Every structure is written in structure tokens, then in C-alpha cells.
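Next come two complexes built around chain A: one with chain B, the other with chain C.
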Partner chain A sequence: MNAQKICIPFFEAYHTIYLLDGDGYFNELSHIILDEYPDEIVLVGIGYDGENKRHSDFTYPEDDLLPHSGNANLYIQHLIKELIPFVEDSLLIQTTQRTLAGHSLGGYFGLYLLFQEEFTNPFDNIISASPSLFWHDAFLLGLEDQFNSSNDSLSVNLYITMGDSEGVTMNTLFNALNNKIKSRNYKDLIFDHERFENTTHNNNSIKSFRKGISRL
Partner chain B sequence: MFFFGCSKEYDNEELANSEFETYLNFFLYEASIRGYDFSNHKVNFYFADIVMQDAGGLCYGDSRIVIDRTDWENRKEPSKEWLIFHELGHCILGRGHRNEKSPSGECLSFMKGQENGFECSENLYSIL
Partner chain C sequence: MYKNYILTILFLTGLIGITKGQTTEKEFWTNSRIELSGTYDALNHSVGFMAKGKKELFNTRKFRGFAGFALQYSYQNETDKALNQGLIGYNNDFGIYAVFDLEHAYFKSKKFFTGLEPFIGVTVLNSNGTLNLPDYEISEQYTNTYTYLNYGVTSKIGYKFGGFQPNIFFVVPLKGLFDKGRNRVGGMDSRILVGACVSYTLKSTR
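For the complex of A and B:
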């Protein structure tokens, strides 16, 4: 894992967006940000030098059906202990707020980070596009239950999206998670969810990132 | 691309199952979530130099997938995964191309092809 490119507008303090699957999405999203938020946002695209390990890095727990999966906790530690300090302390980028944006397994990772309790969530905002909520028999729905049993507040601005053409499984789990979260009435939570019409899995990434950033 | 025939459309093939193992496993995983077990469906992946223009991959029958070396090297994630899922859609699911798009021009299926000059957008909201 490494930060591939960093766009740094010359300004004092920035909203910093950490983009998962930066290999695939950084180029397009950076153009949008430079066009629409030229002096406000630093975009950090997180990608891979060699072998892509998103199936391992973005998932937890390990699932026997997918060898080498389930290392999201290591990835969280990498973000907290290495990448964010590198951006803020080594590159000296003052941060007004941090956003994590991910699609598919990346969207799942953002939600896992939010509801796991081993590490403190370092992000103010999470954009979760087309999250792979099916992972490990919908593990995340149970994780949210567990989180709720010991927490009545959730300090984050959360935006979850799904395309209406992503299939029954994806949309059913999307509905289930949204209904759970809404029913909790978490303090300090700003929550919005959206289903885009005529939108497939492939098409829901940049669309969601763009809309998600616009509402922050 | 989807071919039932066996005529050579490529050169310099090389068995490369290990390169694509993760994608195959994830496809099988996603299938299992939806109640399908294709774990006994054997598929072999090959790198080759595909002669056909604009073809990143080819499926032959139900068990042979050929991926163009240059196309693969130039692809980023998650586009690599989408290509493999597309070819597995042919080989394992037996699906042909589905060339449909929304009124705004967005692709409505992973299985889109290029027949009759069909084009659709996988990123309508890009400004590029």
C-alpha cells in the first residue's frame, strides 16, 4: 500500500479525502475535485505498488471461501499509524476534516471501520458506495448490532449508496442496514442514504463519490 | 467477448491460472452468496496476444478464458475484476452479451458487448 499521488492546492488547511482503490478512481475523482473544489480538498488515492490486495485489506473476518481474506484490521492500523500521520505530519497538510471514500469492498471497509470497536475511527465522514454487505454471511449487520449494544452515539457523517440495478442481494442488504441505522437514533450521527436509478455496480462509484463530497 | 468456436483469435498463449485465481475465487464467492455453487466448474486462464481489436478477453466454450497481455497490463483495479467477471459470465453462467443502456446512456449490464457499434457509459458522472 502506498499513497500514489497527492494533489495539494496551496491553501492553509484542507478537507482531506482518502480514496480506496485509488488505482482505479484517483484520476477521475481528482479531475472532479480540481474542477469543483480547487482550493478546499486534498485527495489521497490509496493504491498498490505491486499485487492488488483489496480482497484481503478491505475484508473482515476471514472467509474460508476466499483464501487470504480478512485483514481489514491490519489495513486500519496502516491508515491510523502510517498513512494519516504521513499525510499530516510528514507532508504537513493541516486537516479540517477527514473523509474515507470507498466502493464495493472499499465501501464495506468503510462501514467495518465505523462499527468495529478495536480502533478509534479517525474519519469525520465516510462515503460507502455499493458496499459489499454480503461479506461473510452479512457479518456487518451483526457487527452493527454489537456496536449498538454498547454505544448510543456515532460521531460521523455517513453516506451510503446503491444502484438500483445491482441486484436483489445487494439492495436487500442495503435496505436492511439503512433501516437498522435509522432505527437506532444514534447521537451525533449525520446519516444519508441514496439509491440511484438505472445504475449498476460499475456505474455507482464516481457518481456516489461526487454526490457524497457535494453534501459535506 | 464470447466464442463457442475454436478458431484461433490469438497468439502466444500461456497458461496463467495463478494470476487470476483471486478473481475466480471472488466470483465463486459472490455466486455462493446468491445460492450458486460453481466450485466444481473448472476454468483455465491463459495470457495471449489477442488479434481482435478492442478485445480484452475471450471465452471459449465453458472452460477456457484467454486474456490479452497488453490489455491486462494497462488495466487498473477494479477494471481487471470487471473483465474477469465478464468472461466468467460467459464461461460459467453461459450468458451472452447484453447490450442495453439507460435513457441517460449508462451501461445496464456487466455483459455489454460492442456488437453493431454499441456504446454505453460506465462513468457518466466523470468530467473526463
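For the complex of A and C:
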């Protein structure tokens, strides 16, 4: 974990955004946040010192599609037991609300975290951009079914996006999940979804984060 | 989008003007080229082809210049790729471009050559398919069309055998170059292509 040196007043409380794939997106998103929300948001970009292990950390269950995949539960524990306490207790950043933002497998991870029932979701908001819903033969659709069978409330502000030019698999699964979630009428859920026009997979990330943050 | 069309039409019209201006003593097609290429986009797992027609503009001791048109097609099959079953679908794109080819010939024989070929034009990207997952009571259909200005450069290396100039190449789109990287290159609307080409010179005088 790398922590950039920061200087923020301790007496203020902030909206803290945890950004997955920080290696790729932190720089660009931090400029947007400095421009648009200079006094409101602390952005925590989560990246890798050495080898990038997103295919392992953001996925569950294991799938032959990517080697050594399926360790999302360990990553959830890392967030809950190490990273969030480090930010809030060691860096002394008071938090008004926590947001998790991820793209692609990172977007899948946000949804997996939401619907798995082993760990309590520590985030108030989840921005899931272009989630890889095809993972393990659309495992997440079954997970949501399972969650729904034992829960009638979902306390989160959830924003899911897709680019209209991400292909058939991504877009049909996006429709399918949105329709499922809408049909559940979960209590306490604030749910919004959006398909961006003329947008491909790679270009949906920052666009979604920016829009997602603006609506929180 | 209309701006893109107008820009492309202006380029293509200008191109016709340039090539017409070259017709004096030689026949119009003398030393012109026709090219057929197979292409592969490794990032998006799509295959395709390109066809080009190019008119010679100049030919010096080391450099040759051409201008012409290119048609490009790519196809990506999505059926049962990401999911074991339940999905039938594809993406394809069709593009028409103006191309400007600058070749540099090497050695005394001038048979070995490299080249840079800027292109600009319009691409139409289509997606179409259905998803049926009875276990989850899901049935979805998706269709989308995205038309956009496409531009970039092709880099190639080849060798001349008589009237044929086989070469291998890669195509790099330049989306993102002028917007501080906001547009990421390598997506379905900015394909990085590798390919092999067979080029033939019509009415060759050399």
C-alpha cells in the first residue's frame, strides 16, 4: 500500500472515496475532485506496489478465465480490517460517508461486496462502472437471488453504469441486473443506473466516477 | 456527428482533386496500388479485413507517396464466449477512410521498405444480440449503433517481389492524443490492429 503525503485539517470531516484500480484512475480522478470538490472529498486510490493482482482481489469465485482468481473475500477483509482503519484511525481522517468506486472487475467487486453475506458492507455508496457481470457464468445474478431470499432491505446508495458500446454481453447483463434489483423493492436502497451514449469499456470509468460522485 | 461527416467528405473530395491533378502523360492507374489485408485486434478478439486503392503521387529515389481510400471491416463474435451458454451476439464495425501513404525504400535494390500511412474517416460500430438465462428468468435483447470520426496511423514493413509488395503492419488510432489521454486507446472504437497485407501495383513502370 502506498500513501501519498497529504495535509488536511483534522477538525473537518470528509466524504471518503475508496477508488479501486488507483494505479490507473487516481491521477485523473484526483484532478477532477480537486477542481470540483476541493474541500469535501478525500480520495483514497488503492493500487499495487508491484504486480497488479486485480484479477485475484476483485473476483469470486475462482474461474479458469483468469489464473489465481477468486480472492475477493480476502480483499474485503483487507479493506475492513486494514485499509479503512488505517485511513480513519491512523491518518485521523474523520469520515461523513464512505464510497467505493470500481470499474470493470472493480465494478464487479463492488457488487459482490454488496450481495455477499459473510462480511458487513462498510460503504454507504457504491459506484459500479461497467461491472464484469459475466464473471463465472453470471455468478452475481445468482448471488443477488440468494441475498434477496433472506433480505428485504439493502442499505446503500448504488449507482451502476455501462457504456452503450461495450458489446452485447456487458449490456444485456447490465439490463438483467438492473431489472432484477428494481423488481425487488429493497428497503433503504437508493438505486440508480445509467447507460452512457457513445462510450466504450475503457472510456466508461472516469465518466462514471465523475457522474457517480456528483449525485452523492 | 455531422461535423465528422463533413470533415471526412472534405478530405475525400480533396483527395480526388489531388489524384486527378496527377494525370498527365501516364494513364490514371499507372503505378497505382490495390491492397487486401487481414487484420486482428488482440485486445477485443476481433478479426477483419481492409481493402485499399491508392494512386501514386510521387516517386523519388528513396521515397514514394500515395493517396487513396480504404474500407475496413472487423467482426467480434460474442456467442457463448464470456458465458458458457445463453448469449448469442456479435459486434462489427465498418469504416471508410482517406489514406496518405509515405514509403521509404532501402538499399540499392529499393525492394525493402517501411511506411507510415495516416488515415482519417468514419467508422460505424454495431452491436446486436440476445441473452437468455432461464435459471434466472432472464431474457434480454440489445442493439446499438455508434458512428464516429476515426483517425490514426498505420506503420508497415515490407518487401517488393515484382509487382507485389507484401507487408506486415499495425494500426494505431490516435484518439486520446489531443485530449490528455481522456479517451483510452485500444477500445472497440479505437482498435489497435495488426495485420498482413498483399499489395499489387497496377501498370507498373518500375
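What we mean here is this: the second predicted complex is superposed on the first by the 204 of 216 C-alpha atoms of A that agree within 3 Å, B and C clash if a C-alpha of one lies under 4 Å from a C-alpha of the other, contacts with A are read in each partner's own complex, and residues count from 1 in each chain.
Here is the rule we use: a residue touches a chain if its C-beta (ideal position, glycine included) is under 8 Å from a C-beta of that chain, and two chains touch if they have at least 3 such contacts.
Every value quoted in this text rests on a predicted model; they were computed, and no experiment measured them.
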Problem set entry | Superposition on chain A - do chain B and chain C clash or fit | clash
Seminar exercise, completed: Max touched-residue count on chain A (chain B vs chain C) belongs to chain B
For this session: For A:104, select first, second, both or neither according to whether it touches chain B, chain C, the two together, or no partner.
Result: first
For this session: Identify the partner contact of A:169: answer first if only chain B is touched, second if only chain C is, both if each is, neither if none is.
Result: both
For this session: Give one of first, second, both or neither to describe whether A:203 is in contact with chain B, with chain C, with both, or with none.
Result: both
Exercise. Given the touch rule stated above, what does A:67 touch, chain B (first), chain C (second), both, or neither?
Worked result: first
For this session: Look at A:52 in the shared chain and tell me whether it touches chain B only, chain C only, both, or neither; answer first, second, both or neither.
Result: first
For this session: Give one of first, second, both or neither to describe whether A:35 is in contact with chain B, with chain C, with both, or with none.
Result: first
Problem set entry | chain B versus chain C as contact partner of A:23, first or second or both or neither | first
Problem set entry | 79-87, 97-105 or 133-141: stretch of chain C that collides with chain B | 79-87
Exercise. Hey, what residues of chain A end up touching chain B and chain C alike?
Worked result: 28, 134, 165, 167, 169, 198, 200-203, 206
Problem set entry | Footprint of chain A on chain C - complex, ascending | 76, 78, 81-84, 86-87, 89-91, 125, 127-131, 133, 135-136, 138, 140-142, 144, 146, 148, 181-184, 186-190
Problem set entry | Residues of chain A that touch chain C when the two form their complex | 28, 134, 137-138, 141-142, 145, 164-169, 171-173, 175-176, 179-180, 198, 200-203, 206
Problem set entry | chain A residues touching chain B - in the complex, by the definition given at the top | 21, 23-24, 27-28, 31-32, 35, 48, 52, 54-55, 63, 65-68, 103-104, 134, 165, 167, 169, 197-203, 205-207, 210
For this session: Note which residues of chain B are touching chain A in the complex, please.
Result: 22, 25-26, 28-30, 32-34, 76-80, 82, 102-104, 106-110, 121-128
